[in-house]
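Each of the next two complexes has subunit A plus one more chain, namely subunit B in the first and subunit C in the second.
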Partner chain A sequence: MIVRQLAARQGRQFLALRRTPVASRFFSSEIPTPPPMEPVVDTPLPEAEPEKIIEEIVPVAPAEPGQASWKKEATHRHRFNRMGTSMKVAYNPDSLLQNPPKPSDITLELLLASQTHLGHSTSRWNPQNSRYIFGIREGVHIISLDVTAAYLRRAAKVVEEVAARGGLILFAGTRKGQKQSVVRAAELARGYHLFERWIPGSLTNGQQILGHCETKVVNALDEELPDFKADLADRPPLKPDLVVCLNPLENVVLLHECGLNNVPTIGIIDTDADPTRVTYPIPSNDDSLRATTLIAGILGRAGEAGQERRMAMAKEGKTTYEPITAQALRLDPFTGTAPGSEQAKKQN
Partner chain B sequence: MAGHRSNCIAQAMQLLRLPSSTSRVTVSRAPSHLRPPRTQTRTYATSEEAVSPAAPEIDFSTSSSRSPARIVPASPAYFSGSPRFIDHVLKLEKLQTKYSGLPTMEASEAPRMAWFKLAQFRDFVGEPVPTKKYKSLVKILQRLNRIQPAAVPAEVRSTLESFLRPGNPYAQQLAPPTVDESGRARGRGKRKESSAVVHLVEGEGEILVNGRSLVDVFKRVHDRESALWALRCTQRLDKYNAWINVRGGGVTGQAEAITLATARALLVHEPALKPVLRKAGVISVDARRVERKKPGHVKARKMPTWVKR
Partner chain C sequence: MGKYNFTALRVRQTALSQFASGKTSKLPQWVDVVSEIPPAETITRTRPFQHQLVRQRLKTVEGSSKPRVVFEVQEKRIKPKKASRLFQPVEIKYEEDQLRREFFRDHPWELARPRVLLESTGKDFENYDWSRIQQPGKRLDGESVVQRQLYLLNTVPNMTKSEAYDQARQEFYRLRLKEDIERRVAAEEAEATGATFGPRHLDMGMEGENQQFERWKKWAQQAAQIIEQRKAALSGAPEIMEEQAVPLEETEEEAPAAAA
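Take a look at the complex of A and B:
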């Protein structure tokens, strides 16, 4: 073992040994020999970079022995990871979440890789989906990818236009594991997310269910106008202008309420779902998290583009919607009279 | 396969004809708003089409859109019905993933924090939060609290502090019990109806229970073993003398009350033994008591046999 440590070599353990030249201890002779690891010490090591990264993670805090050892360990780890082979093309499971593709990046390869083509067992099909179905393989319906791409592009356009017109876009995905993608899409599109149960009646009985939830008045640049806080008290609860539903099969109530309230919906329609339940179907596999994450990400990116367009217009002083005037905001939403005059009437 | 496919397409086209034709009509009638108009008349629940059809497509060609324009929800979780709670959860989860690499310590070593009680938390967010969801939030808080104090980011610290209830109930710490001037450590323990007081002195392993020998009081070997288990498992049987007073209950209860009292007294002498004793199951209190008998029952829960008349 000792002899092996003396030999020059490359490897990850090499660096670890550098600071503790154990080998010298084992020599019986008293002659001071130079530490055997010296040639390695001379090699330039990129010290600055790992330090920087660690300081990003660790905020200003007094160093303690426990923390110091952890820091040292992290530095070592970082240095070792830089050695050896470098992984150029590696699959990052979170890349669809962190950096979802744009609608212009939709390719059939991407859709295929994301498993959007896999439908359900042929016995479970809804014949209304036959125009989206490419064929049957091993008893499973295969969804036509070019149809998926076309419908997905259309849905992305819809999301973008609604976002550009200042509409409220709700992303709903209530299956297990869809939370992250739904939140991310809402974050990108500056929309709203729903990853737990849709409370039945949120649209049809909104005052009871969403009445206590806060709203705000914003100007064209999306800056809050706190002056109108008091005027929002007796306004009816808000309704989304577009609902994107990642699992329409489980959200029958949501889609029904959207239908009653004339809220357009976008839904991922698998081969067993009813495409007429949504306004804009996207024929795709809704059981694969990768597929739903991809679709949510693309729609989120589309919403982002729409919002950017709207902000650019707002900076020029243009809006795609009619802004409410301060006076209209102050009026009673039901009677259309000023609040002061109504009070006066009651007193009389 | 081919035959099946052609058949299904024909079948589907027939099915499709109805809904698509109805939706076309509504599209052409869409007015100038972003949200399309309601065209469907209300149906009875018993009628065939109880499920409403999806809203018609949006007509983007018209320039002006909906009003009122920009009253927007304050939180992205508005439509969930409990936006403030979900905002808190998402914020904490974000912190957790961001700082998951920081060094942590054992949960037992982490500083003790008095999080909001459920009712207080409900007041804090102003929403009816279910118990289970609040528990999952507290779990995230506890994970963040396990980050080593020196490495805790200011962001995490301030967030955690916002979930603390006012006043610090863990501020005053009881002074740890000490050995008295004559070298005695006192420990008390209870089990079932029995309670025991143990005075533990360094010595040669002599034990007196209510002035009698251990063998005299506990006839069963099992009881003797369990009474002295704290000393036995730490190999301190011959290093301490114990003078024990035990009263109430039966033999098992007395023996196990002595176990707990001895362990507590031993901890006064040697606090470092705590993990060993904890593992031996000697310092956990068994708080079970006999359940009272209820009227209408034969015992605490047993119901009288059902008799036909």
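Take a look at the complex of A and C:
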């Protein structure tokens, strides 16, 4: 070991060991030691509850300021309510129901605005309707508006004439939402309405299904004649003289029974319906309530005009039809003889 | 019955023959009505409407001061139509279709704006004059641009499609900017006169997001602490390790019991 170099070599290391501590250490505060950690059990991320979040979001606007602002708004409304603009011409969806147009008011614009031109997808068409179709637009058949107008006028004329001859008119629309329009049309035309399911057999098996229904005898002025009540006891139920069907697709049975009983029919024929099922087709959209309401309203108005004509003639003592005589009413409906004559024959 | 059922169309003939044969004693009231107003023929096929695209343009002619109206008809297809498609309806085409497609391709968010499709009379077009882009009773939208562009193409001499598009578009952008400013000013005015608007949808969404984040932060702190604990256990805190090992042993004991 070389002693001479000991101090030179190890002395440096020795000095380095005994370095003075940093002065700043004395001025700093004590290191904050974290509290002993509590052992926690591994838990999954709690599931978000959407209902709760909404509840939590709502109080973002605190209840009291909200109330205050509401009060403020209410006072403002009260103060300035009469100021500002007012809507004069606004679309009223019920106007077609309350005040339906007359057949003379049919215009192509009205039909267009009522969406009668929209047919079905081209793949669902019935080729028998090709003559009513104007063209294809965005994969949908467009029904020709002038054809719709012409056929609608023709159907309205039929309804008017049948009403003027005192015929019974049945309006049937069994789709959801057609109830009001069907009832309104029947009310105008003084006809009958059907807005629920057509009970199959109501025409072909009417004695069983409608036998208990009430009938009455009226004079030319539509006043009831109660004297004939007893004569109606074993008469078959009445059959309509005209059936207006707003949705022939769902009422195939009704139309079939009308065919069997030889009753003329009017129906709204969409591009997927069969036009030969009805006597007077009206090519139009049958899925739009606005379109069916318009058509029912126009036909109702036509019936109203016919009824008015009939009543005006009745007041003058004339009828457009051959009235049934009291004697014919009294005859037995099955044998065509006077009541009691059968017994008289037997006694003889 | 055959392919077709004409019962409904032949109600009058049936009624007459029933009366003639004595099945019914009286003719129904509607017989003369149906004879006066006969049902239309239904299933005869007619040639459908042949729609053709017609373009109207104004072109200046050399030597005359008045521009000339030129109608261009879309060229007919060279391939003849199949005989089976002769009676099928034809696609309806308008010049606007192309313009509309281009506008909405360039401005897809215009389709997200609410639009009024309802018309009470169907005669709204009578009030429109496309010599200017704004119309009374019609909200400014993509359709306005399309109609204005078509008007320019039809009435301005030597107008090209892109020029008309640019002009209509610029008018549209200017009005949209104006609308934005009007809306902002209206809101400011309303606030100045005492209106209070509640939190907006965006604010409510941000609030929900913040709450969700806070919830996650709490969970994340806990999870981080667990990881720390595990590390600590590995490096020399055996009691924590033992605590965590207990449930593991239990499951091992249960497993054979379940198998048995």
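Note that the second predicted complex is superposed on the first by the 258 of 348 C-alpha atoms of A that agree within 3 Å, B and C clash if a C-alpha of one lies under 4 Å from a C-alpha of the other, contacts with A are read in each partner's own complex, and residues count from 1 in each chain.
Criterion: contacts are C-beta pairs under 8 Å (C-beta built on N, C-alpha and C of every residue); 3 or more make two chains touch, one makes a residue touch a chain.
Model, not experiment: these values are computed from the prediction.
Once chain A of one complex is fitted onto chain A of the other, the partner contacts of A:278 extend to both subunit B and subunit C. Once the two complexes are overlaid on the shared chain, A:76 sits against subunit C while remaining clear of subunit B.
After overlaying the two complexes on the shared chain, residue contacts for A:193 are found with subunit B alone; subunit C is out of touch.
In the superposed model, A:110 makes contact with subunit C only, not with subunit B. Shared-chain residue A:135: touches subunit B and subunit C both.
Of the two partner chains placed by superposition, only subunit B is touched by A:238; subunit C is not. In the superposed model, A:214 lies in contact with subunit B only, and not with subunit C.
Once the two complexes are laid over each other on the shared chain, residue contacts for A:264 go to subunit B and to subunit C alike. Residue overlap on subunit A between its contacts with subunit B in one complex and with subunit C in the other: 57, 60-61, 66, 127-128, 130-131, 133, 135-136, 158, 161-162, 165-167, 241-242, 255, 258-260, 262-265, 276-280, 321.
On the subunit C side of its complex with subunit A, the touching residues are 4-9, 11, 14-15, 18, 25, 28-30, 33-34, 36-37, 39-40, 42-46, 48-49, 51, 87-92, 118-123, 194-196, 198-199, 203-204, 207-208, 211-212, 215-216, 219, 222-223, 225-226, 228-229, 240, 243.
By the touch rule above, subunit A contacts subunit B in their complex via residues 57-64, 66-67, 70, 74, 125, 127-131, 133, 135-136, 158, 161-162, 165-168, 170, 172, 183, 186-187, 191-196, 198-199, 202, 209-210, 212-220, 232, 235, 238-242, 252, 255-256, 258-265, 276-280, 319-324, 328-329. Interface residues of subunit B, counted against subunit A in their complex, comprise 1, 4-5, 8-9, 11-13, 15-16, 19, 23, 34-38, 40, 51-58, 60, 63-81, 83-84, 86, 90, 99, 101-103, 105, 126-127, 148-155. Of all the residues in subunit A, the ones that touch subunit C in their complex are 37, 39-43, 45-46, 48, 53, 56-57, 60-61, 66, 69, 72-73, 76, 89, 91-92, 107-114, 122, 127-128, 130-131, 133-137, 141-142, 144, 151, 154, 157-158, 161-162, 165-167, 241-242, 255, 258-260, 262-265, 275-281, 321, 336.
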